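Each of the two complexes below includes chain A, the first together with chain B, the second together with chain C.
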Partner chain A sequence: MEAKQILPKMPKSWNPASKPHKFCPGCGHGLVLKALGQVIDELNIQDRVVFGCDIGCSLLSWDFFNVDTVQTHHGRTTPVIVGIKRANPELITIAYMGDGGGYAIGSQHLVNAANRNDNITAILVNNTVYAMTGGQMAPTTMPDQKTETTPYGRDIKETGYPMLGPEMVAAIAHEGAYVARGSIAKFRQLKTFIKKAIENQMAGRGFSFVEALSTCPTNWRTNAEKTWDFVENIMPQYFPIGEYKVPGGKEE
Partner chain B sequence: MGSKPIEGERKVFMTGNEAVAWAALAAGADIMYGYPITPQNEIMQYWTRLGPKYNKKFLQTEDELSAGFTTIGGVLAGRRAFTATAGPGNVLMQEPMSMAEAMRIPTVVVIQQRGGPSTATVIYSQQEVTLTCFGGNGEGLRVVYSTSSHQDLFDYTIKAFNTAWKYRFPTFVLSDGYQAKMRESVVIYDPEARGIRMVPTEPFLGKAGTPGEDRPAAHLRNTYNIEEELLEVLSKDIEEYERVAPEIIEYDAYNTENADLLVIAHGVVFRSAAMAVKELANQGYKIGYFRPITLRPFPREQLRQAAQQAKQLLVVESAYGQLLKIVQDNLYGLNVPIKTLLRPGVGITPEEIAEKAKALLAGKEA
Partner chain C sequence: MGKVRRISGCVAAAEAVRLADVDVISSYPIRPYTGIMSELARMIADGRLDAELVYAEGEHAQLSIVYGASAAGARTFTGSSGVGVTFAFEVYSPISGERLPVQMAIGDRTLDPPGDFGSEHTDAECCRDQGWIQGWASTPQEVLDMHLIYYRVGEDPKVMLPQYVCQDGYFVTHILGDVQVPDEAQVKEFLPPYKNHHILDPKKPQIIGPQIEPCMGPPQQYQRKQAFDNINEVLIKAHDDFARIFGRRYDPFLEEFMTDDAEVVIFGQGAHMNTAKAVAARLRNLGDKVGVVRLRTFRPFPTDEILKRMSRFKAVGVVDNSAQFGISGGAGVLFSEVRTALYDVGDKVKTVGFVGGLGGEMITHDEFLRMFRKLQEVAKTGKVEKRAYWLPFEL
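Then we have the complex of A and B:
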C-alpha cells in the first residue's frame, strides 16, 4: 500500500518543478511568494506577469513561478523592471527584492522610480539583515539588534536608524501611487496589499510598493517562538503595518 | 509625418552625436535610456527631438547604472533598445553590461570617450579601450567597433543593432569626444535602400501564451550554484564567441607588404595615421598602416600577417598603452620591434605621427 501523501495546495502560478523551494526553514520569503502567487491566480494574469528578482535570498525565486522571470543584480531589479515596462506597457511587471537591494545599494532606483511614478509594482521583503551573505547589518536592522557587523548591537549613534521604506516612498510618491507595509504575520492583509498594488498597476495609476515584514531565523539565530515573536510583535513597533498611500487617499 | 525617418539617402553636415541619433532612428531603434554626461549628451537631445515624430521612446534615468539596466529591460521586452555614455558613466555602465554579457542580452551602447581617469576632461581620449573591451567581472565577450569618422558612426551604429541581435553579445560603438562634437559631412540613409536588412528582434520575456501551460516559462538568471555549472555556460559562450569572431572582425590595412614601418592606430587617431602614412608612402617610404575596426573581437591573424612582414611597428594612440596591450597580446611570439607614440587624453596630428615615423625609418629613434 502506498503511503498517503498530503500535498499542500500550491498556487497555480507556482512552478511545481522548483518545489519544495530553496529558502531556509522558517524563512518568510515562501509566504510572501505564496501571497503573490495567489494574487496572480486570482487576477488571472499569469500570462502577462514579468517577475524580476534581486540578489540576496530573493534571487532564489528565479524559477519560483511559472511566469516569465529575470534575475538581476543587487539593487538593480527596479531599473530592469522599469525598462521592461517602459518598452512594453502591456506587461504586468513586478520587482522583488530584499531590504538591502531596495534601501541601500538600489535606493536611488527605488526613489526615482517612485518619483517618476513608474507604473510597476515593487515588493520588498524586510527581514532586518543581509541574509544571503551571512547576517550583516541591513538598512532595516533594529536598534540594538545584533548582526555579524554589529556584534554588540546596532548603535544608532554610529550607524543611524533603520530605514523606514514605505514612509519614505509615500512621502515622495505622487497621486496614483500605492504604498503599504504588510507582514507575513498577517498573511491575509499582506495578500490584500499585494493585490491592491498589482491592481493599481493594472489600472495604470502608477508606482506601487509593498514592504513585507519577514523572518530570518537562520541569521537571527532564533527558535520558532522567538522568530514569530520578533516578526509579529517587535518589528511592527518600529515598522508600523498599514497602508501609507492609496489613490484617492483612503488608507486602511 | 512619413513612416521612415530617412527616405533613400542624403548628404548632410552634422555632429557625430547627431549622426548616432539619426542612425538609431534609421535602424528602427524603439527606445533609448540615458543619463547626461559630456560628450554624449546630444545623442539624447537629438533622439528626444526626432523620436516622438516616429513613436520612439526615451527615459532619462537616475544614473548610468539605471540607464544600462533599463536598456537591458527594454531588450528583454523585445525592443531595439540602446544607451550612450562616456568616461565615469562608462565605468558605471560596466555593471549592467556584465549582466548583458552573462545573459547574452543584445544591448547597444555608444561610448563617446573623454579624458580619464576620473572626471578628467569632457573633451577627448582613447582611454576607455580597456574598459569597453574588458570591463566587468568577466571575459570580455562583447563586440566593440571603433569608429574614426561620422560616416563610421552612422554605419556602425546601424550595424551594432544587427550584430547584437544576430550574435547576442552586448555591442559597443566606441567613439570619442572629437567625433561626438565636431561637424563633418556624412551620408545618412535608410538601411533598406542599401540592402541592409535589420535583424528582427524578439522578446525574451512576455511572449505569447501562458507559461507552464502553453510554453515553458522563461527563467533567466546570471547566478549559478556550482563552479561546473558556470563553466558549462561560459564554455558554450566562449566557444560561440570564438566561432563567430571571424564573421564579426573588421579591419583596414594599407601598404602592409614588407613595410619598413607599420603604423597601428584605431578610432579618430587612425585618420591622422592614415594621412601621415599616405603622405610618407607618396614620398617613397615603405610604410603602411593597420587599423583594427573591431577591438573586440580583435583581427589577430590579419594583424599578425601584416606585422610579421614589417621591420618595425608603431602603435599610436591617445592613451598610455591600451591599444598597445591588445596589440602585444595578439602579436605574442613575433619578434618585430614595437615602438610607440602614446599621448593619453590628447589628440594626435598627422604631422606628429609623420615626424615620429620618419625618425624611426631613419633609424634615429630606438
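Then we have the complex of A and C:
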C-alpha cells in the first residue's frame, strides 16, 4: 500500500512541483517567499504578478511560484522589472534580490528606480553575506562579523560600514513611495510590510521597497540557536526594523 | 628554491599575486574565480601580503578601481568570470589605451545563456581585441608562472599594456596540482619592482583619458598597435629569463606534443588540450601519426609562428571551447584565426573546426578520438567535406 504523502499547507500561488525548495536548511528565503505567497493569495493577484529574481541565492526562487517569472543578471532585476511594468502597467511586478544584488552591483538601479518613483515593488533579502559564492563580505556584513574574506571579522576602518538600504532609499524616494525594513524573526509584521508595498503599487502611488532581515547558517557557520539570535537580536541593532516612508506620512 | 605545494589554479594565481608584491587589488565575487580573492583576503589578514584590497560593488567598479590605482603608480590585480567579465567591458579599452599594465585573472565561465557554472572560453574571448595581452594556462603551475611572466611583459617600457591571464573554470581553477612555488628572491630577480613613468603625480601634472579630437585618434591607436608589435620580442626574452631563473621552460607561443612526424594535429588552448594529449598518446600506441598543438599566447595571435610551424601537417583540427555565432568558418574564433594564419600555405594544410565542451561539459576522450579520425580521413582523401562541426550534435 502506498503511503499518502502529507504536504504542509502552502500558499496557493506557490509551485508545489518545486517543493521542497532549493534553499539550504535554515535559510530565511523560504519565509520571505512564504510571506509573499500569502500576500499574493490574499490580494488575489496570482494571474497579474510577474516575479523577477536576481543572481545569488535569490535565483533559487526561479520556479518557486506559479506566476510568470524572469531570472535576470546580478543586480539587474530592478530595471528589468521596470521595463516589464512600463510595457504593461496592468501587471503587478516584483523584483526580488539579495543584498549583494541590490546594494552592490545593482545599487545604481535601486537608487534610480526609487528616484523615478517607478511603480514597482522591490523586495531585498539581507543575510549579511554573498552566500551563493561561499560567504564573502557583502555591503551589509556587520562590524566584526567573520566571513570568507574577513577571517578575523569586518574591520570598519578598512572596509567601511554596513549599508543602510531602506534609510538610503527613503531619503531619496518621493511622495507616494513606501519603504520598510522587516525581519523573518517577526513574520507577521514582515508580511504586513510586503502587503502594504504591493498595495502601494496596485494603488499606483509609486516605488515600494521592503528589506527583510534574514539568515544564512551555512555561511555564518552557526547552529539554529545562534542563527536565530543573530537575526532576531543582533542584526536589528544595526538595521532597525520599521517603516521608513509611508505615503501621506508615517502611520502609527 | 621555493617549495612544492598541492594547490588549485585559484590558489596558484593568488600565490603569484603575492610573489609579485601587488599593491592594489579589487574584487567582486563570482564563481569560479572567487577563490583567488578569498585566498588573497586571507593572505592580507594573516599579514603575508601587504596590499590594498577593495571590495568593489561590481566588476565595472573593479576594473575602474585598478584603472585609477595603476594610473597612480600601483601594481594592480583584479579578476572575474563569465558575465562578470562582460559587465566590465567598457573599461578594458580605456585601460589599454592609457597604457596601464593592469593584470586580470579570468577563470572561464559560460555567458548567459546557458548561465550555468561551467567553463567556456567565450567570456574571455569576447575581450580579445581590447588591447590586452591574453593567454591560457592549462595547469595550476602554468597559472602561477603565466601571471609572473605577464606582469613582466606588460610592464616592459616597450609594451606597457594590460594582461588577461585565463584559466579554464573548474578544470584548472578548482583542480589541485603540484605547484613549485618559487622563492621571493627568485621572483625579485625575474620581476623588477613596478615603475611607470607617466603616473599621476601632482608635482608633474598631466591629464589621463581626456576627450580628444578625431585627428588625435589615429596616432593614438597606431601607438597601441606598435606596442602590440613589440610584445613578441619581450615575451620571448621573458620566457628565456624565466627558464634560466626558475628552471621551467615554456614555448612562448605554441606547445607541441608528439608532433615530430605527425600528419594530423589537434590545435586548441587551455585545459581541454590535456585530454587531447592523452588521446593522442593512446593513438600513438596504435601507430597513428597524431599530435597536439596547444596555443599559449592568444593575444597577440602568433600568426607567423603558426604559419612557420604548422604548415608541415596534412590536417589541423582546431578546437574552440566557445560560441561565436555567425563567425567566418562557422566554428569559433580560434578556427577562424588559424585558417587566416595558414592562408599563405594555400591548400596544402587542410583545416577543420570543432566546437566542443560548451556549457562546461567535458570534451571527452571519445570526442577527441572522433576528431582525430575525421582529420585522418581528411588527410587521406585530401577532401574537406564539412568545414566545421559542433560536438556532439554533428560528429
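By definition in this document, the second predicted complex is superposed on the first by the 244 of 252 C-alpha atoms of A that agree within 3 Å, B and C clash if a C-alpha of one lies under 4 Å from a C-alpha of the other, contacts with A are read in each partner's own complex, and residues count from 1 in each chain.
The definition used in the following text is that contacts are C-beta pairs under 8 Å (C-beta built on N, C-alpha and C of every residue); 3 or more make two chains touch, one makes a residue touch a chain.
Given the structure is predicted, the values throughout are model-derived calculations rather than measurements.
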| item | value |
| --- | --- |
| Touching partner for A:I84 - first (chain B), second (chain C), both, neither | first |
| Partner chain in contact with A:N117 - chain B first, chain C second, else both or neither | neither |
| Partner chain in contact with A:E148 - chain B first, chain C second, else both or neither | second |
| Chain B versus chain C as contact partner of A:P139, first or second or both or neither | second |
| Touching partner for A:Q189 - first (chain B), second (chain C), both, neither | neither |
| Of chain C and chain B, partner touching more chain A residues | B |
| Chain B versus chain C as contact partner of A:H73, first or second or both or neither | both |
| Partner chain in contact with A:T222 - chain B first, chain C second, else both or neither | neither |
| Contacts on chain A seen with chain B and repeated with chain C across the two complexes | 73 |
| Parts of chain A lying in touch with chain B, wherever the complex brings them together | 13, 15, 46-48, 50, 55, 59, 62-63, 65-73, 76, 79-88, 90-91, 108-109, 111-112 |
| Chain C-touching residues of chain A, taken from the complex the two chains share | 73-75, 100, 103-105, 107, 130, 132-134, 136-137, 139, 148-152, 159 |
| Of all residues in chain C, those that touch chain A in their complex | 27-31, 34, 37-38, 41-42, 45-46, 53, 55-59, 83-84, 87, 112 |
| Residue ranges of chain B in contact with chain A within the complex | 30-31, 33, 57, 59, 61-63, 65-66, 69-74, 76-79, 81, 95-96, 99, 203-214, 217-223 |
